[in-house]
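Shared between the two complexes below is subunit A, which has subunit B as its partner in the first and subunit C in the second.
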Partner chain A sequence: MKKGWWKFWTIVILVPLLAGCWSNRPVELRSMVLAIGFSPAPHGRIRVTVQIPTKAGLTSLTGGGAKSGGTGTLDYTLAAEGLTPGMALTRIQSNMQTDLYLGQVQLVVLSSTLHGSRLRTVEKYLTRLGPMDKTAYAIATPSVKSLMRATPSTQDLPTLDLIGGFGCTSCETTTYRQHQWDIEMAIPTPGDSIWMPYVTTAPTGFNTGRLILYRGYTPVWALSRRDTIIMGFLLGRTGKGYVSFRAGSNRIGLRTVKATPKIRAKLVRGRLVVAASVAMTGTLDTWTGPALTPRRIRWIEHRVDAQLSPELFQVMTRLQRLETDPGGWLAPLIWRSRPSWRSASVWESQFRHAQVMVTVTFHLINVGDSN
Partner chain B sequence: MGGGYLGLGIFQFPRELVDFAGPDAGWAFLLICLGFLGLLMLFLKVAAIDPDHALGYTLRRLLSPMVGWPLDAFRIVLHFMLAVLVVANFGQVMRSFFLIGTPAWAIEAVLVATSLYTAWYGTAVLARTIEAIFVPTLIGSIAIGALVVHQLRFRWAILPTGHLAVTPTLLAAYHSAYIFIGFEVLAQAYGHVRVDRRPAARRWLFILFATTVVFFAFGYVVTMGTEGPSALATMQWPPVSALRLANISGFFISKLGLLVVVLWGLFAMAFISIRFWCLAHDVGAKTYRVVPPTRYHGALIGVAVVVFAGAQGFRTVVGVVHVFQTWGLPIMMGYLVGLPALLLPAAWWRDRRAEHKASEKAPM
Partner chain C sequence: MTKNSSAGSPARQQRVEQALSEITAEAQNLAQALDGLLSELRLTGDLDQLSGSLQAVYDRLKPTLGQSPDIVLRKFTVGPQGAPALVAFVNGQVDNAQVDRDTLMLAELAVPPTATPATLFALLKDHFVAVGHVKTANRWSDILPAMLLGMTLLFVDGVAEVLMLDTVKFPARAVSRAQSEPSIKGPQEAFTEVLLTQMNQLRRRLPSASLRFDAYQIGSDSHTTVIVAYLAHLANPAIVSSVKARVAGIQRASVQTANEIGEYLAERRFTIFPQLRFSERVDLVARNLAQGKVAILTANDPTALVLPNTLMDFYQTSQDYVFPFWDGTLMRIIRLAGLAVGLYLMPFYIALTSVNPDLLPIKLLLTIDGSRQGMPFPPVAEVIIMWLIIEILREAANRLPQQLATTIGTVGAVVVGTAIVKAGLVDALMIIIVTLTALGLFTVPALELASTWRWLFWALIVAAWGFGIYGIVAFTVVLIVHVTSLQNFGVPYLSPFAPLRMRDLGDSWIRLPFPRLPRRPVTLRPLVMTQAEPDMVNPSPNLHQAQSRYKSP
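On to the complex of A and B.
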């Protein structure tokens, strides 16, 4: 028995160390940041805004179902400025009596007016931040302040209301969610450009369904909803795409349009050629013409090809002009062209003068219970 | 045997491979595997020279005491260096991702103490403990890795190119050689295997080597595919970052990928406890491979204290990588190539002379 005591005490001493209790804080002494926002501030500074759930908000997180109408506000925001995000967060921390905890961040909000060296500083900071969960979603917005203070009509925690849509891939028109991880991996990859959802606020909550594209750290194109759907086809991320157009005297409407793009960049006789072949399927939901026959279905399919090809081509050529490559189509070519693979600027300027070819092949896979 | 090397490179691989070889990373990996397969076979021959005596004794006898003693001391320094680097690296990984507020020394103390305890009861207990943790940890890591397979966005970077750039490929293979460094303990451990079990031990040695090759190949695919070559080369611990993406919503541990850091702690523990075992034998053994228990335990405690103290010299991972890549790697590779190059011809010469003498004495 005596022999076993030293083992017993060794285990007793080791257990608290193994459990990581050293830096443990009780939950009431922790302020869990759900969303963190970055926007420009005067004199080259960065404004950091954090959204933290209140106790009522935390209860709603665990399924208590507390709503802002019942037990008070679900969250509060704090903001501070600094030359680096870390300095701003230190200023926020100094005004708090609890531990500011970044291990549960669900959403990173980047101001679309934040670009160049300041966005670079923010991304470098987030990449280096060990405890930060890289599966947090990243979005861009024209006003971080408005977004953080938005009150969704669902009366849920605003952040959770927003990212709820990202989590449901079958709910969105375009699966346009981006994780912080995707941004961090695209930034250093030559031939790959960052993009993310572009979210604005509305009286009932958030306006989603748009993308914003970057060249390097600079936002260059906030797409319209229509262009976002086209971009979704090119990225192969359309879940519930919708296409509607007039063909002669008839109206055609297609829902649940999905695309499988194959986009290859290659060198042909010294010139860069980007060939996009997009296979698409969809369900016919509007057809004002005569009864459907196999021949008429083929005609509709050809009309869809003819309608969408120029639209896709237009988006591709605009990407060229902006020298942005959200699909990372150039990256494989650059990678295999070592030793010149590090000189991305060479290839990106070639992209501007590349020959672009777009082919769309559409197939109707459902016509509904009507002829 | 796998426990002898997995703990060293698992947190960093394949950073140097990609950084140096670029699109030829796959070829460089193949080269490392083939190179170490060759070294493994050579060390098996070294181990079979005189399995009944301590390796230090064999060195002194075959190469003369003047060469043998310094070489033996050099081996001891190597064991210390590897153990210190693994302890320091693990402390930094844990502090960066998992136990943010815990001082590195506390994490390292736990690792050293656990390794000491594992090695305490001698060869059989150490071997059985590592056997018990090795396969489940390997399977657990692969299962977590499988959760991020659907996120392989950079699949195009996985396969190597058709045109091979020789110098970058060789450099990448050299700088990534850490993935198998540590296997050389087999030269010491072989003598402790029962004589009738030695053929089976040799067979298992190759099976385990093949398993770890597959394991590292899987790690390469997952890390390269999720991070892409450019981002990967900028990270300190690429596979840890990649596996942190494993996330299961609704499961009671949502951030399952973070568990990898803890799981791989077992590999680090196995690596260090084997080093402790080797060091205690090197320090304690005189002629025969068996060391008296009192001397073994005394040596173990001394070794653990020195390794723990040595690890405190590294405040960041940058220092760990710098020391290993600048000093540790060339010294280790020199040793891995040099030891068989010295011992095998010496053993061959000894056998030849013995045969010659025997034939001279034999009746006409």
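On to the complex of A and C.
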């Protein structure tokens, strides 16, 4: 054998062996998990629920727009309990004929009653789970079971129907989607807190448009729809915000409200100051007052500023009280100049006692058809 | 038993008698042949040397070649004095009318009474001015192949030389359209099997004094003439001399096709990538010669070899140059897309449905999953089934007349495809992908490259089946490394992309207008780089006034 050939053959043999791509199994022999849910179970256990499309569900997409698939339920759920999510999944797998495939999980559903150590266990498991797709959306819900069994009126696969809204950033009032990787990044980052959409079920499908905030692994605030919009302004995630209020005898309605927040945490004479400057734009949708003039437009803009500033301030102060920082506003400060605040108890306490300032500057960019 | 043996004896005896008579005849032939050889050997002391004795010539030719019915040996006399002479030729390879006319004239030739055989020979040689070529030879190793290739031999008694008259006229078909490289516009002329015609066709397109045709005789049995054609003022001398050396070095009993020459010329014998371009199109070969390449013409094969080549050369066709450059560019880009689709669509489908389904968008994956429900075979088995059907249909279409081939295509595509889906053997998506793959691979303009991609397609299928996307990427890297390492007569195979030759990019996957291609391909290193003078835009600035100043009366 020529000199150097052993290197060639070593590479030829090792490259395939080390590739880790031996999981060859046709797609029809895999049970495609579209959604995986985690909820508390008795005796400190965790209940894992998986949602898998049925044959009818799979063929419902084959015909494109014209659904040519079979009839019947589009998906089925399987659930098992275990001390760890892995044990529960193993139990589910043992009841199946085909391979439980987690590579296409689209939705991670976390029960809002799951908190503390159990949520920590779940998240650690998901972080380590190799085949798991980290682009899956994460949501919280009061009842995983109800959400998994909800049937949307669109006759689409429930999970696809739910995540369809997350996929279109320009369609949503507030872009409140969170991927699993967002959660996994926020958990270890000092000065950052977990938040995710809070979804409940309804007879026609799902109720979305709300957020839930966490302090550490504990859910602390399920926001109302109104607060979610305000929160969206603070997070800079509002695409089609809507604001309506009464100014004297007139009603002002604004649509397509967008916010560009600049929220900075800084130390002023040893005290933490969180200054939020939110530049907003929007279209005047409703105006019941007299004809619009430039001067009146400026007046409306001032009224919007005066209306929204306290609301944003209220939300900020509530975040302070709850010691949660969904925007990760403190993270740059801790990273750059306050490494001693890395402990959650320290930065949360600092945030609680911080001075908060909110400034809103609103500009009407369109008067719409209000006249 | 006894009955059998008594019945078998006369038959056996008959067979023995027949065998003995055959052996006797062969022995007589052998004895005659040996006599012929010995008679010349006695006279010259050399078996290969012509003795000058007409009888010895006849004795030598008659028992060997003379046994064949197409060999004509005719003794006659020249002039009034009746000098013995012998004409030998292969009936069917010569112009019989010309031979008859010349033989008749010889009989009436005025020969001085004092003429010696040598002067008679010289007189004859001068007489044959009408014949294309008159050559003399005195060695049997030169004489016999020439006769078998259609020359008429004229021996004169007492002269140790022979006149070889070019009376070649063998059956040849007319110049026809190029079948394997069709073009819907522009020149259609294809080469024929006749080497002289091939040279004439090239000469007509390139009437340049520097167009060289260097001839080589290859094949100890076939004596095939091989021509190395090039433009001497252009072609890189190193490439030309290398080609000539390789052609001259071919030692082979018989050469019947250009491919037999080509496989000797290939620098890397076992690479799957073709290094020689075969073409039956005269215009394509002429274009390549004008670029500084070398062409090899082979007798009895209407296919010319062009070299050296890059991978890009196999994607350039005559059609690209007869349409406007936008069309030419579009056609090439479509070919590139066809290559990508043909080579990678199916492997990606296999990888994404079997190994890496996590990389597919969910809706597409569910659609594929839905279409594959209940399928009895894995995707790779479906590929094998479908590709087998396609290859069978392709082979069937090749063997049938054109009209029936169209029917076969329709039957294959519609009937078999529909039936196989309805039978539930293959899913509908696979039919779409296989069809696109086949169409993609059919866009390869050069036949010699088509089989390359078909082989590599299967290698990619195996890589995708075993290792998914990783396998495809790894195999592609190996492929690129291999192609980059290839050289063809010193020309990098992947140029103008690797190494990057910016000037040559104008005639690669895109084709710039001809005025924007003033230079020949750098990668060929021709002796003269410039092929066009600088483009003169708007040479007549006053033309814009033509519409206003000169009005019709």
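By our rule, the second predicted complex is superposed on the first by the 332 of 371 C-alpha atoms of A that agree within 3 Å, B and C clash if a C-alpha of one lies under 4 Å from a C-alpha of the other, contacts with A are read in each partner's own complex, and residues count from 1 in each chain.
The working rule: contacts are C-beta pairs under 8 Å (C-beta built on N, C-alpha and C of every residue); 3 or more make two chains touch, one makes a residue touch a chain.
Note that the coordinates shown come from a computational prediction; the quantities given were computed from them, not determined experimentally.
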- Touching partner for A:M185 - first (subunit B), second (subunit C), both, neither: first
- Query: Looking at the overlay, does A:V220 come into contact with subunit B only (first), subunit C only (second), both, or neither?
  - Reply: neither
- Message: On the A-aligned overlay, A:K55 touches which partner chain: subunit B = first, subunit C = second, or both, or neither?
- Response: second
- Message: Going by the contact rule set out at the top, does A:L83 touch subunit B (first), subunit C (second), both, or neither?
- Response: neither
- Message: Quick one: is A:A247 in contact with subunit B, with subunit C, with both, or with neither? Answer first, second, both or neither.
- Response: neither
- When the two structures are overlaid on chain A, which partner does A:P131 contact: first (subunit B), second (subunit C), both, or neither? both
- Message: Contact-wise, after the overlay, does A:V27 reach subunit B, subunit C, both or neither (first, second, both, neither)?
- Response: second
- Of the partners subunit B and subunit C, which touch A:L157 in the superposed model: first, second, both, neither? second
- Do subunit B and subunit C land on any of the same subunit A residues, and which? 22-23, 131, 133
- Of all residues in subunit B, which touch subunit A in the complex? 22-24, 96-103, 106-107, 109-110, 113-114, 117, 153-154, 156-157, 161, 165, 168, 226-231, 234, 241, 244-245, 247, 249, 255
- Message: Under the definition above, what is the set of subunit A residues touching subunit B in their complex?
- Response: 10, 14, 17-18, 20, 22-23, 130-131, 133-135, 167, 181-182, 184-185, 187-190, 192, 328, 331-332, 335-336, 338-339, 341
- Enumerate the contact residues on subunit C facing subunit A in the complex. 353-358, 360, 362-363, 365-375, 378-379, 465-471, 474
- Touching residues (chain side subunit A, partner subunit C) in the complex: 15-16, 19, 21-28, 30, 32, 34, 53, 55, 57-62, 69, 101, 103-104, 106, 131, 133, 157, 160
